[in-house]
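Presented sequentially are two complexes of subunit A, the first with subunit B as partner and the second with subunit C.
After this line comes the complex of A and B, so read on.
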């Protein structure tokens, strides 16, 4: 029987562009260019802080902020604060992710769920959920439980809506071909709809993650206790501007690393999805 | 060589004894959430015999895909009926394998996993599943691309992957919606030959949608020409060519037949264009 033979390697392997410089040198070079605006900003900070136009209390020099972070690192204050903030943010995020995806799938698949939850989600999404903090404190106390609940409450909305949109936008022919190939009603959800909707669901998760960190720090600031937000609030009360700035840097670094790791996870999990392979911002 | 343009009432009469698929006065109206309802096919009756190779020919937008979706059981039948082996079609089934015009591959699965998907849902030993998947991947010329994702394939390769996925489950009835539309001329010819070989060695009924007249005449035993939207069966032409003849497509009889059918289709294509304007 005639077979069609087509030579050539799979297109899967990305072409490494050729050049004179080794790859890592060039990517390092690009890294510097991409980061230049941030570096300029930091240098300007240092210059202004040293110029004497503002008091060190209003704007301490960067060097002193970094010294402070160094000493907090050695004393263990920084790892504990960052660790606690991170734990609450991630716990809230994971709860929101699991419940949000489940609710989104249920709403996309079941008319009753959709009818019941759609108006609630529509009204709830734009509400500043942080307004519920005082009542949550009364219900759940001052500690992790109320903070994590607040984080999950804020982050669940983008996950639910992304899941619904993701499931709704699965091409009908994909669902039909799955049915044609023998997919059961149960299998349809887990084998077809969930993986097909994953790019959109993941986008929802990527929106939710920084919100988890922001709300985590906010709750810590409002309720005190350990954690980066709490430390900053304490430092502020004691007129310790160095401590406040150290907190800002810690959050910035944690947030950046979290978002980057999430983007890497996306590229890995959604290997099959062309658009997910595009490099994002630095 | 005999051929006859039959009118609708007599359509399929010759095959009645051997009828497998009976479409009886079928219509379909799309009712989009916003906008006017669209009557896509209107009062179509057609009988397809067991092991028959039928080509469905018509200008784009005339309802060929809609008719195939109905046969596949994906769209509800509102007016008219379709029976397969005497049973009313009420949903999709593994007896009717479909190759979609736009492939409908699972983008998150590799070529191999796409072809394996249907096989895993049949009660076959694992080794047999893998052997069959490989057999059909080789058959459509995708060896070496087993671990590629659809997004890494060209349009023609995606189409061949979709064909392999459907052929692998060995359906009794093959519904193919312009299955070679994305292929280059040479690959298309190889795939046509391959499809005829499969059809010759295993008992299958094939309904093959195309807008390529020569392809229809080359492959099919009967060609049903559809009118511009709303789609009706305008003519049915019986063909009786010897496909083993290597010079068939250059023979006068073949070329004349293509011209004859092309005239029928051309009139409808012009109407379809006018309808849009």
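After this line comes the complex of A and C, so read on.
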């Protein structure tokens, strides 16, 4: 399945020599060293952009990109664009999460649901659903409704499959003992299956969230209507490369923060589960 | 005579899809929805049939396949090599992992205007976009797989006199393969998304462009047909890839 393995990204964790320095100084020092490649990359960007080997149109200097972001921040364009993109991506993501978990549970527990939806999911997962964008525009118009629908349509698949896998992997002994103790079908769902399947479900959600952002930006580029993707597309049409690069920085920060927040939420929600004791690296 | 029951089972499994297609057809033939919004399946199929006999269709399909194939190939080869190198040589790991961590969560679609800015509307910008967008899932898969190579196997190979290079090729690369191939499957799905959408947004050729062009012209029958063609391409590419990956990993069983 289209899995973007969130748990897998590596991070340099240099083996600490236990020196005499207090812990926070050491970890700060290592932080700087570990992030050195990023700093070097940014410095190299500035140097190349200033040297004149490439035109400012192809690669504007970093300082000018940051100035542009600063002025967009002051004028309010940046918060509006980021807010709109986030609102659409999160709205689509939440719809997909709720429907996807519900459908996954239904499929895992009911043979008819499984029979009906299994082929639809297995055909629908690998197809490039973004190709349906013009059809959705035809049906739902140019505004938020079609964008959010497109985002939910793309993100629901990993949630459904992760939920099914999660429910199937719940240990049979737990289900049997709950049943022996007289748990109702409802109690089984809310108190046994959902919590026990949560680690897998959460992994599905962590796959889905970046897809929501990718598709959110795409729908804005294709259909306009503000947002970070929309403003990047406008900037690109007007040959305003500063605007394009400012947009990249904005959406990169949004993506990074969202992924980190999801990892934190996972650690918090799944504290009881041994798997979340391991450090989540992305 | 095994094919009979297997065929019946397959038919039963995919019956819901047939049911959906029937529903679509009935909805438009009985005018439950306007045919302007949902053309009947039969007219989509017939205009699809007409389209397939035009050179224009094959021209666009060819350029889409070329872009997707080249970008994906570069992503898998370079991304895979980078992941394995990161696991094998610490200096490369220290240099690359913060960069991977920064670029991994970047919504890759944001690169569309940048690649268009650098390389224009043609093939090169799409290939660069797909390469950049699809590389990291392969890198991360290869890195995790290579790092998971059993240390005892590496020690045994070394103590039996294998050079570092031989150990890398004969022990580390095969252990990286399952997760690398898994990452490549993610990359395949991502490549279709980036290809079709970048062609819809900035291109003068390709299947994505054709969808947008037909839609703008109000030729919805043909537009639906091309959307179905793209969906089918994505589906079959995934199935063929799975069969290929299973073959490559046969030694594991």
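Everything that follows uses one rule, which is that the second predicted complex is superposed on the first by the 253 of 282 C-alpha atoms of A that agree within 3 Å, B and C clash if a C-alpha of one lies under 4 Å from a C-alpha of the other, contacts with A are read in each partner's own complex, and residues count from 1 in each chain.
Please note the rule applied: contacts are C-beta pairs under 8 Å (C-beta built on N, C-alpha and C of every residue); 3 or more make two chains touch, one makes a residue touch a chain.
Values in this document were obtained by computation on a predicted structure and should not be read as measured data.
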Of subunit B and subunit C, the chain that contacts the larger number of subunit A residues: C
First, second, both or neither for A:195, with subunit B first and subunit C second: first
First (subunit B), second (subunit C), both or neither touched by A:133: second
Which of subunit B and subunit C A:258 touches, first, second, both or neither: second
Touched partner set for A:180, first subunit B, second subunit C, both or neither: first
First (subunit B), second (subunit C), both or neither touched by A:117: second
Residues of subunit A contacting subunit B in one complex and subunit C in the other: 1-5, 8-12
Touch list for subunit A against partner subunit C, complex: 1-5, 8-12, 14, 34-38, 41, 57-58, 115-120, 123, 126-135, 137-139, 210, 213-218, 221-222, 228-229, 232-233, 235-236, 241, 244-245, 247-248, 251-252, 254-256, 258-259, 281-282
Of subunit A, residues touching subunit B in the complex: 1-6, 8-12, 171, 173-174, 176-183, 192, 195-196, 198, 270-274
In the complex, subunit B residues that touch subunit A: 69, 72, 74, 91-92, 94, 96-98, 100, 102, 104-110, 117-118, 121-122, 138-145, 147-153, 160, 165-166, 169, 187, 190-191, 193-194, 197
Subunit A contact footprint on subunit C (complex, rising order): 13-17, 20, 37, 86, 93-114, 116-118, 137, 140-141, 143-144, 147, 179, 182-183, 185-186, 189-190, 192-193, 195-197, 200-202, 207-208, 211-212, 215, 220, 223-224, 227, 230-232, 234-235, 237-239
